[in-house]
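My questions all concern the structure below.
As written, the chains take the letters A, B, C and D, and residue 1 is the first residue of each chain.
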């Protein structure tokens, strides 16, 4: 049923050698690798179906349009959203968040407040800073506890009748913390605030149900879930999306254009100006199929097993400190080794074929919180193995030797 | 008055005679040409269904218990499709129209024959006809 | 040298049958087909090189980053821009124009004027309408002459010291008109206005030299030039791009993020928030290589030959009227046949394997100008042939027969 | 005073002895450890070169006709790279520094050995050192 070899076989890049060693790819938080089915879907589209979508009367255009809309339907099922038109295709999580930050701005006035958290990715910080600056509203920040979880007591204090929107990530890309978003959503709704969830690190690891979760907006990127680059999803509740002004102007998003008055198309097209990433969106369906065939519960269970193993092995390294130790955690481990700079460690283990990420991971406020220049980050995916973890730990120990 | 079901069966039979798309299209074009024109006074913005590429004017009125549809379009094949829909749904009771199961569309492969945009237009046309019937019935 | 068979062989989709007939693809204005080299570049990236770009210390990340930046360099050479950092990757022409319309807005005040033209694609209309609405500036429109060329006398009258920006397309996607952009740029500059050129329909047909042309901004889409979907270019002059605020907030586009103060990265990264369409951008290089290997002058010459032939054949159809008859024209032909609706024609010829576009082509103001519901549009690319034109004309005549 | 060219030749010779990346890295790490620390008072914002991942403080001063560089970094391999650059460029005349052709970098394959981010850091470090020399020379 859950056959690791069979899974790995589907990813051609995993057979690669890097610097003369078998690739160990532990940079999944940045982007995952792609199964052959996704790669083939892209090729197949260009070889058999390529045409611009919507409005075309000819066969290929109809075919491409059908397949394009099929992905929308697949995404809706995948996250149990109510309507297909609540699924907006964007170029990534960053694009999705900016779309909402831009639209929401027009609803804000001075004195209104937006709440984010200290562990957000820059993509879920900077758009709100820009939004607040332009609208005169105020940005509030939920602080972190030492273990890398949100200070929920403080969140309760921050929430008020002035809160218009709360934007937090489902899973921290640096600390691995799974945030209590259900609780955050409920509490935010109770004061009348909307909630945007940055699900970039969650969508391929946690089973999502929009109707149950009741999030107002949920954003994620295909490339972090075994899918193509340049494709993102913005889920939004129909009634709220309808109140937002369009983001970009262009083809597809209009009903009628005249120089006197332009009217906009209905959802989802109102937010999909211009020719979309058709190949990527069509191939994205194969990525979701890959996940649903394995069942995301199985993926989560296996990844958790890897997380436990990797954590215990990393803790055996002398002088190691893990950042992000909350109980509810996804398979992302950030750590530092006493007296060593993460950059040096990353540079050395790379030579041994191991791809890990070092640095601030686009979360500089977390670095500031812990007063560190960066971390070494191991982020795991379904195709990783315990053997790979062993190889990685050995490489890190070797680096430690060289550097001490 | 023939039933909606009965009329559909007739259409299915008609279409079974055709060997290829060209005959089907020619048939649609003929139907389009023969469609009783809508009265000019009903060709107004309120009755306009804007499709992606062609425009359709649809008017409905109630005579006794019966709903009568008239329509027009600037594209002839669109007109042909409306003509079929009118032949099925016009002159029927509102309740029948609202609950009608229009299985003939799949049976004659109309959607596959048409482009995706046209198929969408077809769906929204049916929706509109049913809505009109519903509204008139509640009057 | 210019071997049509060899060119056609590179496009796998051209061997396809549609509705039982050999595909004749004349919808190149909407999107072009892709040569095998582009398709392979995408697969190869996912199979051999996939990783997130920038900031990564590991091998794959470095490789992907190098290739990514190689495309930027190739684009710079292709359009003879001065600096690599003047090339911003976007998701398409629409995205590029919106980026500028958003940034420019902050420089505008009431009374300022933006000039566009009557033949613009909605993507070069709606963003400026939105921009004017939000900034209180006024939108002026250069009208069309009957032959589909811009009324340059009127343009001269519209230009004034209040003009801040002129946004026109290089080539009209509906009429084929090649606009006198060099003249427009010079005249606009003489009153101190900036110029944005929508080059979506020009980049694969006309040799571009940014330094000679002196455009301030130039936008185009990879998918209309034999490249992947979901990739666009915004060229902008360094000194002007530097005066614009960032568009989207997120990863990569920052220098430092803190809750007190965020500073932005330098060009081009300032405008490239979030994970880009890495696969698409890397494969875009192969598309440009395809064009430069053929030499764009050869492409233009051949396409012009096709244009002349197709025009003369179309004019033989009874009751035909071509929209867009200016002398300076690209290989796009829009027409109608007396008493027939374009939609009906398109639907019928599709059944004969011919992909043409019908409708308003996202240029509703042109339709209004000529008081027509739409046109039939034949748009040609380098792989098209005279035989295909013959097949298409015969199909149209057949449709005319059926419809009359 | 050895010439910039001469010093580079020495470095190239050193690197030729190494069989693999590990020896090269160990050498860089050793150089990093041995780098004379910058005076604390120069470890200020103004002297900071912010790389993607590590920070470098660079200070330059002129003694007679000669430019003297001191530097530090929080990452040891970055420090090693700076140590090499300093060994080549420090204690040289400003004019020599500004016009120096640092071909040893390609010769020892430093860029290929390093990640792209580090290679970028290297380039900006050299730029900065030359700029400092230029500025001091004009004083």
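To be clear about the criterion, a residue touches a chain if its C-beta (ideal position, glycine included) is under 8 Å from a C-beta of that chain, and two chains touch if they have at least 3 such contacts.
Values in this document were obtained by computation on a predicted structure and should not be read as measured data.
Visitor: Counting one step per pair of touching chains, how few steps separate chain A from chain D?
Guide: 1
Visitor: Based on CA centres, what chain would you say lies at the far end from chain C?
Guide: So the farthest one, by centre of C-alpha atoms, is D.
Visitor: Looking at chain pairs B-C and A-B, which one is connected by more C-beta pairs in contact?
Guide: Looking at contacts between chains, B-C has the larger number.
Visitor: Distance from the CA centroid of chain B to that of chain C, rounded to the nearest Å?
Guide: 39
Visitor: Can you work out the whole-Å distance between the CA centroids of chain A and chain C?
Guide: 31
Visitor: Measure off the straight-line distance from the CA centroid of chain C to the CA centroid of chain D, and report it in whole Å.
Guide: From the centre of chain C to the centre of chain D is 46 Å.
Visitor: At least two partner chains per residue is the criterion; list those residues in chain A.
Guide: Residue numbers touching two or more other chains: 19, 55-59, 61, 343, 346-347, 350, 358-359.
Visitor: Where in chain B do residues touch at least two different other chains?
Guide: Answer for chain B, listing residues that touch two or more other chains: 52-53, 115, 118.
Visitor: Please name which positions on chain B make contact with chain C in the complex.
Guide: 21-22, 25-26, 29, 52-55, 74-78, 114-115, 118
Visitor: Can you name the residues of chain A that touch chain D in the complex?
Guide: Of all residues in chain A, those touching chain D are 19, 340-344, 346-348, 350-351, 358-359, 373-374, 402-403.
Visitor: Under the stated contact criterion, what part of chain C meets chain A in this complex?
Guide: Chain C residues touching chain A: 12-13, 16, 18-19, 23, 25, 27, 30-31, 33-34, 38-39, 42-43, 46-52, 55-61, 91-95, 97-98, 101, 121-123, 125-130, 139, 141, 221, 223, 228-231, 246-254, 256-259, 262, 273-280, 343, 346-347, 350, 353-359, 362, 364-365, 368.
Visitor: Under the stated contact criterion, what part of chain B meets chain A in this complex?
Guide: Residues 50, 52-53, 115-118 of chain B touch chain A in their complex.
Visitor: Flag every residue of chain A that touches chain B in the complex, lowest number first.
Guide: Touch residues, chain A against chain B: 54-59, 61-62, 65-66, 255.
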